[in-house]
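Note that the chains take the letters A, B, C and D in the order they are written out, and that residue 1 is the start of every chain.
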Amino acid sequence: MSEIFPKVIVNFKTYKESFGSSAHNIAKAAEMVSEQSGVLIGIAPGYMEIHPLSKHFSLPVYAQHVDGVTPGAHTGHILAEAVRAAGAFGTLINHSERRLTLADVAGAVDAAKKAHLQTVVCTNNIMTSAAAAAFSPDFVAIEPPELIGTGVSVATADPAIISNSVNAVKDINSRVRVLAGAGISTGECVKKAIELGADGVLLASGVVKAKNPEEVLSDLVSKI
Amino acid sequence: MSEIFPKVIVNFKTYKESFGSSAHNIAKAAEMVSEQSGVLIGIAPGYMEIHPLSKHFSLPVYAQHVDGVTPGAHTGHILAEAVRAAGAFGTLINHSERRLTLADVAGAVDAAKKAHLQTVVCTNNIMTSAAAAAFSPDFVAIEPPELIGTGVSVATADPAIISNSVNAVKDINSRVRVLAGAGISTGECVKKAIELGADGVLLASGVVKAKNPEEVLSDLVSKI
Amino acid sequence: MSEIFPKVIVNFKTYKESFGSSAHNIAKAAEMVSEQSGVLIGIAPGYMEIHPLSKHFSLPVYAQHVDGVTPGAHTGHILAEAVRAAGAFGTLINHSERRLTLADVAGAVDAAKKAHLQTVVCTNNIMTSAAAAAFSPDFVAIEPPELIGTGVSVATADPAIISNSVNAVKDINSRVRVLAGAGISTGECVKKAIELGADGVLLASGVVKAKNPEEVLSDLVSKI
Amino acid sequence: MSEIFPKVIVNFKTYKESFGSSAHNIAKAAEMVSEQSGVLIGIAPGYMEIHPLSKHFSLPVYAQHVDGVTPGAHTGHILAEAVRAAGAFGTLINHSERRLTLADVAGAVDAAKKAHLQTVVCTNNIMTSAAAAAFSPDFVAIEPPELIGTGVSVATADPAIISNSVNAVKDINSRVRVLAGAGISTGECVKKAIELGADGVLLASGVVKAKNPEEVLSDLVSKI
């Protein structure tokens, strides 16, 4: 697993495209662009799509969340072992739309590592990025509130938003990779994010809601 | 859907048996006992097992939880449409291990109904059973704390625990069915629960952790 | 307690006016308007203001929240007995900014009743209003999302939003009073809400953030 | 504030002794023992007791929780400014009975610092202790699940539970002090905790539920 680090992860969220034929089509576009460009793209579809999409496509597939629990008397929870068994390669943890307690972030990272899942912990600022780095996940994905759903691009925003968070992560653990998790919509944004120290990007609607996901993905990886 | 009301629903929780070959074996036992006895048995496995188990077996399959959200920008949530598309027949809502806010219970029931999923709302006492009945779900499953994980059987406990909750539900909406959701381990318990006014039972470890699930299920349905 | 039912409750939220001299001034205005108009006004200030404001003013003082717990090993929780001992007359429960699980709404109502606190359960639609009525609180305060923070007045909105919720509450328990909890800013709004079946109103910023709270309160009670 | 660091903080929780005359008596005992021994003792009573106890006693008084919010439209929340205005010297954050999301722990530490409150962030293991240290609170209070409510003393438990957490904290930020937050009931426990690298202890029922709190507190500080 150690050598597989996507530059782009597409979060399908629970958009109506997150399951069924739409999910299949986005995955297909991601696979094609990934192969053509040589830039590895990961996808995070709905839970029930983990199995079919990981079977049909040569892409790292991520769960959108796992709970920090081990097998036992929990109802409705997401077991790291179960998403792994379904074919997941990794998992998002603590996404801004699925916040966990500090104890549960640690528990989820731990459970995911034990299940051999790559871990992507989402954070919202410098302090939480540093804290997340203390868990030694594979990635910290920074989602600054200033850039979430505001239409503000990481390319035009205050560069310190990303670079300071990257530094905070690397100061705690230099081996943790960083994804820019908001303000990304074009190849220019991806380029800028990487210039600011990010190792890649995490994005969602820009690809998932696109009329032509392949076109958007092609642009996204064009300047890497 | 209106004529399909299982007498027994088995919650696989996130026990290690909730996915993979163990889940398959429990489903197989449920199908056999269901066919032999003529008593309909439903199963609530892990999310990723909804698709394979609903394909392989003639059993109503339930999600363990759905969120009260419509398709959109939610990450890690369980979409009623998505579990329906995966083959689910119904869903548990507000299980004691997955409590929802009052507003989210209503939202989840609403989302599940729109996705044509049968709804089983779990409650903990008379007051919450009455409140849940106001949502007009297909079932209210009563899990009295006095009977959860205590080893106390519904057959030996204070009968008022079940009968008063049944009355509270029926007073609000007489068409809502009631499941006894704790204190059930044998056919005698099932018989007693039904005598007290329940329409069926919801149980978990007694079947899921059994060496021989078929034997346990056979006993459970033996006195109905 | 049975005869004291305010027509207007002012939620101080955690605005900067919710504590200290601002809170004192709003309470003073409420007391003056209450005395002059004969319309009873209640206030829900910050927790730490419950004691001083209930000592200084002849107004029913409400906590903004209580937890559904009895005295014991809980940290940071709001004990019904403790707010009662501090001088509270009642409490809001399940406000849209402080949602509780179904089980905890029931627990909080129960704890508040045992501590002799008047109960005001907040809800967001017809279904949850009906469910809340099953707990037999003193008030259900309906906060329709269509009217929260949208600037839309209850006087101009679809009348069915309020009247259907009032009917749903009364159908379950005719003794439960109803407050209109959103879309209220003027005496005209209060008049309309009462015409639609509400027994009173719950509001916040319109009074708390006003330059002259006394003027706003005088207008609010002017058409009752 | 920088020179005031209690060696013992007593969390009153929401025991029935957390408010009223019992709270007063425990505070009185803490003040007496503090003066006689020269060992500073802090208390964390119920919210409504912050004002009276901080007026009557020369003890640092802590809130049991603050929310990570600034003044605004939040209902039922605990504002750092408000507890400061009531007389609090500091606050617990993220107690095991009041877990916060990673983002909210950071927000609460930030809000507390801006309100000039000393911060005590509670954690449950090495990973979360390290993460909490990244927020640069005044204290991290380690509550290992192995020692919470088990009757196991820190003096007899695996020493690594405390010492490894202390090291993890100091590695991230050497200026953060550490409290042992579980497994403490006697002066011997306190002595052992300090030998293992802790700067003090956080405890609750051992003092609060004691017949003679003064006696227990005297013993607790006797070997420092």
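The working rule: a contact is a pair of C-beta atoms (placed from the backbone, for glycine too) under 8 Å apart; a residue touches a chain by one contact, two chains touch by 3 or more.
Values in this document were obtained by computation on a predicted structure and should not be read as measured data.
Colleague: Based on mean C-alpha positions, I'd like to know which chain lies farthest from chain C.
Modeller: A
Colleague: Take the average of all CA coordinates in chain A, do the same for chain C, and state the distance between these two points in whole angstrom.
Modeller: Chain A and chain C have C-alpha centres separated by 42 Å.
Colleague: Round to the nearest whole Å and give the separation of the Cα centres of chain C and chain D.
Modeller: So the centroids are 34 Å from each other.
Colleague: Based only on mean CA positions, could you tell me how far chain A sits from chain D in angstrom?
Modeller: The mean C-alpha positions of chain A and chain D differ by 36 Å.
Colleague: By residue number and range, which residues of chain B touch two or more other chains?
Modeller: In chain B, the residues touching two or more other chains are 96.
Colleague: Check the chains against each other and report every pair that touches.
Modeller: A-B, A-D, B-C, C-D
Colleague: Give the list of chain B residues in touch with chain C in this complex.
Modeller: 94, 96, 99-106, 109-110, 123-125, 127-128, 130-135, 168, 172
Colleague: What residues of chain A sit close enough to touch chain B in their complex?
Modeller: The contact residues of chain A facing chain B are 11, 13-16, 18-20, 46-48, 50-52, 63-65, 67, 69, 71-79, 81-83, 85-86, 92, 95-98, 149, 204-205.
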